[in-house]
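Note that the chains take the letters A, B, C and D in the order they are written out, and that residue 1 is the start of every chain.
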Amino acid sequence: MWRYMGRKLGIYGITFVVAVTINWMIPRFMPGDPVSSMLNRASVSDPEALERMNTYYNEVFGLDTPLYQQYLSFWSGLLRGDLGISVWLYPEPVTDIILRHIPFTLGLLLPAIILSWIVGNRFGAFAARSKILDNTVLPLGYILTATPYMWLALLLAWALGVVGGFFPTAGGYSFALTPSWSWPFISNLLTHWFLPFLSMFLVALGGWAIGMRNMIIYELEADYSNYLQALGAPRRLIRRYAFRNAMLPQITGLAVQLGTIIAGALLTEIVFNYPGLGTLVLNSLNNNDFFLLQGIFLFVVVGVLIANFIIDIIYVLVDPRTRVQMTGGAS
Amino acid sequence: MTNVPATPGAADSGAAPEPAGERKVSEGLHFARRNPKLLIGTGIVLALLFTGLIGPLFIDQGPNVYVGPKSQPPSSEYWMGTTSFGQDIWAQFVYGLRSTFLVGALGGGIAFVVGTAVGFVAGFKGGLVDELLNMFTNVVLVLPTLVVLIVAVAYLDVRGVVVQALFIGLTSWPWAARAVRSQALSLATRDYVDLARLSGRRTWRIITTEIAPNMSSYLVMSFILLFGGAILIAAGLDFIGLGPANGVSLGLMLESAVAWSALQLGMWWWFIPPGAGITLLVGSMYILNVGLDEVFNPKLREL
Amino acid sequence: MLELSHVHKVYRVGAFGGARLRAVRDVNLTVEPGEVVSLIGESGSGKSTIGKMVLGLTGVSSGQILFEGNDVSRIRGFSAKKEYYRRVQGVFQDPFSSFNPIFKADRVFEMIRSSYFPATSDADWRQKVLDAIGTVRLDPGNVLDKYPHQLSGGQLQRLLIARALLLDIKLLVADEIISMLDASTRIDVLNLLADLKERGLGILFVTHDLSLGNYVSDRSVILRKGAIAEMGPTRAVFENPMHPYSRHLLSCVPQLHRTWTEVDEELAANPPEDVVLPTVGEDDDSAPLTEVEKGHFVGIDQH
Amino acid sequence: MTLRVNDLKVYYQTLRGDVHALDGVNFDLADGEIMGLAGESGCGKSTLGKSLIRLDGRMRHVDGTIELDGENVPIADDRAMNRFRYHEISLIPQYAMSALNPTRKIGRMINELLRSRGVRPADVAEELDRRLELVGLDPDVLKRFPIELSGGMKQRVVMVMATLLDPSLLIADEATSALDVSTQRSVVESMVEFRDRGYVKSMIFVTHDISLVYQMADTVMVMYAGRIAEKAPASTIINDPQHPYTKMLIGALPEVGTTTEDTRLEGIPGTPPGLLHPPTGCRFKDRCPIASEECSQTPPLVEIEPGHWAACWKTGR
């Protein structure tokens, strides 16, 4: 058990190191002097500020020191939680900016992932019931997964927002309101949240439904299903077993799909101008704020790694086979 | 020890009236011709490909030229209307389809080559090579592709479809490597692989002549999925503004539609066609894939 | 001709080689020209692993496998291995898995030709193939130009033996080659092995079936958990088994004219004399043999 | 009489047409009888075993009737068959190693199965423990997952589970083929014991291994190409077979003690006919050394002496 977890943690550790290294390498190995090209493009008007920024970033990059030293100081800064200072919102630290936006992204992501997974699984199992359902639900699922996140977001915003007028189509909450734990603010927050959530939920739903449908067909063909049928067990029991067993690979699928769903969240946020990481990515790109961009990258990677580890733990808890193997069963 | 084929008498004997190779092919065709998913999927993909290939030939001016009146809804002259600047959306659409196919084929192709190579080597060599490649695959798999791409592409000054495809290809191969590895692992234990070794065959020849042909349908399906995936990732990159500079693609059309407030202005004809094109193309590929799976996988035929 | 001395095979199982699985333990045996040696054991006895090690398909953990004086386990490089396979060949358990299902069955001959006889003319080669097919008592018209699934298991196994005979082999490793064949055809394959033996071929016959091992072999080796339990001339081993494990196995084999009850009664009436088995310490990996009569050895007792 | 099978025909549907896997099979099975069903691969023995409990998707009941304890068994009607399954007719499948749900504890799975068949688990719990002990298992296995058990243990669990409701007929389809000889012997002996104790009334033991059948069966039925060749008491089949196919088949079996030096055994030349378009007349005639003109007519299965049936024109009537 500990060996297995240790191995997983090892992989995640390596991934983290690789991600940090990529982050460190990209600006240094791209052609040109990163500091001047960044600041040139950033179009800062105040010359004094520009001078201060120039000094600061040159020091941070430390381009005159040997490479390994640059690398080490990059790490030491990182471990102190220092991701540098934003160009766009100078002189605010990148970490603070990101932390301010993360709750919005998480608020979209977590419900969208969890609900789409649960509903998608039910839906897929339902589709495997008959040929007719299979032939209608399945293509729908494939169309949904093939939809670019931002396009479904646009369609929903247009249909339910612009034309229907049921929901607002931009921002995380109305600018007229100040954030507080009051009912009007929360309901306002929810109406802004709903459309981005819905579009993410729908796209992710298709994938889960298809995955479950394929897995459950496989399980219904398995020997134990056959045997139970031969002993006259009712379809209900066999389906229950198959559903449960088909869920297990779906949990692993959750880990594999995380990256795609997060990407979807970023794109969806841009459509709705939702104040999460996605909009922040767009802003940092438009302002050539690479510190901010790289900071977001690291945060996302760490988030994915943590989520992966949680999924691993859940899997071990749910699948008796891995549990047995880890504690050293009889066979 | 046990030798009890599922269908008694069907597997035996020299009395089979026709050669097996032909029988297998004709059996495949038999199911292929009767599989609506395969037929519809292939039909749509081919129609879109045709549009992308032939369409531009009938368009006199480039896709980004300001040809007509601004912000016009679809009409007989401008089939898909015009943008806020008077660009012909139909022209953008057919050119965009071209680059979408290009990025899919190229990005998916690169990912396919990397993925199958890693998968075959890992699955076939085993041991330490497998451990290392597997770890490498897992690392790349965990990294969120689009986010990595955003950071990488952001630093590029010159961006074109080919570079974009290259980056996509180099980051989206891991699941294919995993899938190919597990298939290769199971095929590598077949006795005919050992027999090929005993016949003095080199490893790469065994992979290419013994193993790969036996999973060709599987490989085709992986390629289709990578193709579709590459298109979606490219569209995402374009949408964030990291698309090919001065180019045209379906993703860039979506980007400019959003950037110039097509949504708020109610210009649905600006953002619906590009997204519909992507969805239709990728969706039909997925459905085509299911069809293929049903044709090649006898277990699925019955349902 | 073939000599295994102190051969061990240890697999590392689990992530990063956590646990050790001892598949073959301190095995010593020889195969001479014109001799059939049976390796008999239940699942997990290591019998197939020994076959694979002799064929160089899996590595040796420690010990030596000498073929005509050269250590086989140390052969490195493609061409040296290829030369080895000119002299030593194998046939495997599952005839249907030994042929690549997408090619015609006689492709196995072509593979030998392209690797070993590229210079032979078409006519000479055809004659050589026909001779080999004749030797295994097949009718060329029935088996050439056919796909594997059009042929029976027995025909396929004989084709594989014919394939091995195309080379100038001295040793044939026959790994469970008849366990998947039907009763009516397996005896023909066994008789074929006996014919080949007459021609001076050494055969290592791996089987789980005691009566088959007994039928065809000169010497028998009974394996248990990777180590030799008993080894000696077949008649001695079967008529006067010394090791308690061999006796137990023999009492469990279903026999055609004697029921288990009769066997048990017989055994109770004439209880066999006990022999002193060699012993080793807990941590000792070796498995010494004791000679109880000329050429008849017993090994350690494992539980 | 426990089981009576009349002219049973079951075909497999394939793209190229129907495979006549069972083409007119007649036999009776007495109370307490263990019948070994032997034959080469593709002879229809597994199809026969399966059709008695559940036809899979591609199998089609063409003709014939089955009676169990005087009652008609509607094998073509999946729904109506359910009443018989498990309660009256039970199965130890070829794939016993993977017949248990891998993610359920064994005890829980058995209880859920029992409940779904209208049996209160508490009513049979004691019996379940007793029978597990009888086959040499600790009742604690019920608290384990299938993956924690060895192949032989799983086999025994399936055997106990399959017979828990004391079925009239148990079909064991190659049930011990995947086991090592020593495990095989103890499992087979437990099966006989189950019959002796009345846990199962009668049993059909499908196998390709005639010497195994001889150890445990009362009667042996040999099938060839979808039809019955011969049925007789086990010792008669082994020591005094009448059908040429049976004779040759038994003659081809090496025994412990025979070697190539003493006697060269001989196989049966040729291969069984394809069942897509089975030949007319006796299906063995092309491989039979004593075939003659009359063999182009289908030989009926006749009782050549009490309890000994054969389908051959040459067996003395």
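Here is the rule we use: a contact is a pair of C-beta atoms (placed from the backbone, for glycine too) under 8 Å apart; a residue touches a chain by one contact, two chains touch by 3 or more.
Source: prediction; values computed, not measured.
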Check: Counting C-beta pairs in contact, which chain pair ranks first?
Finding: A-B
Check: Nearest chain to the global Cα centroid?
Finding: B
Next item on the list: Provide the C-alpha centroid distance between chain A and chain B, rounded to the nearest whole angstrom.
Entry: 23
Margin query: Please tell me the distance, in whole Å, between the geometric centres of chain B and chain D computed from their C-alpha atoms.
Written below: 49
Margin query: With centres defined as the mean C-alpha position, give me the chain C-chain D separation in Å.
Written below: 32
Note to self: I'd like to verify one number: the distance from the centre of chain A to the centre of chain D, where each centre is the average of its C-alpha atoms, in whole angstrom.
What the structure shows: 55
Next item on the list: Send over the residues of chain D in touch with two or more other chains.
Entry: 41, 208, 271
Note to self: If a residue has to touch 2 or more other chains to count, which residues of chain C qualify?
What the structure shows: 16, 152, 182, 208
Checklist line | Two or more partner chains touched - positions in chain B | finding: 1, 3, 11-14, 16
Next item on the list: Give every residue of chain A touching chain B within the complex, in rising order.
Entry: 11-12, 14-15, 18-19, 22-23, 26-27, 30-32, 131, 134, 138-139, 142-143, 145-152, 154-155, 157-158, 161-163, 169, 217, 221, 255-256, 258-260, 262-263, 266-267, 270-271, 281-282, 285-286, 290, 293-294, 296-297, 300-301, 304-305, 308
Notebook entry, point to check: For the complex, which residues does chain B have touching chain C?
Noted result: 1, 3, 11-14, 16, 19-21, 24, 131, 190-192, 194-202, 210, 213-214
Notebook entry, point to check: Can you list the residues on chain A that touch chain D in the complex?
Noted result: 222-224, 226-234, 236-237, 241, 244-245, 248, 319-321, 324-325, 329-331
Notebook entry, point to check: Any idea which chain B residues touch chain A in the complex?
Noted result: 37, 135, 138-139, 141-148, 150-152, 154-157, 175, 228, 232-233, 235-236, 239-242, 251, 254, 257-258, 263-264, 266, 268, 271-272, 274-276, 278-279, 281-283, 285-287, 290, 299-300, 303
Next item on the list: Name, in rising order, each residue of chain C that touches chain B in their complex.
Entry: 16, 55, 57, 78, 81-82, 85, 89-90, 92-94, 97-102, 104, 108, 111-112, 115-116, 142, 146-147, 149-153, 160, 179-182, 208
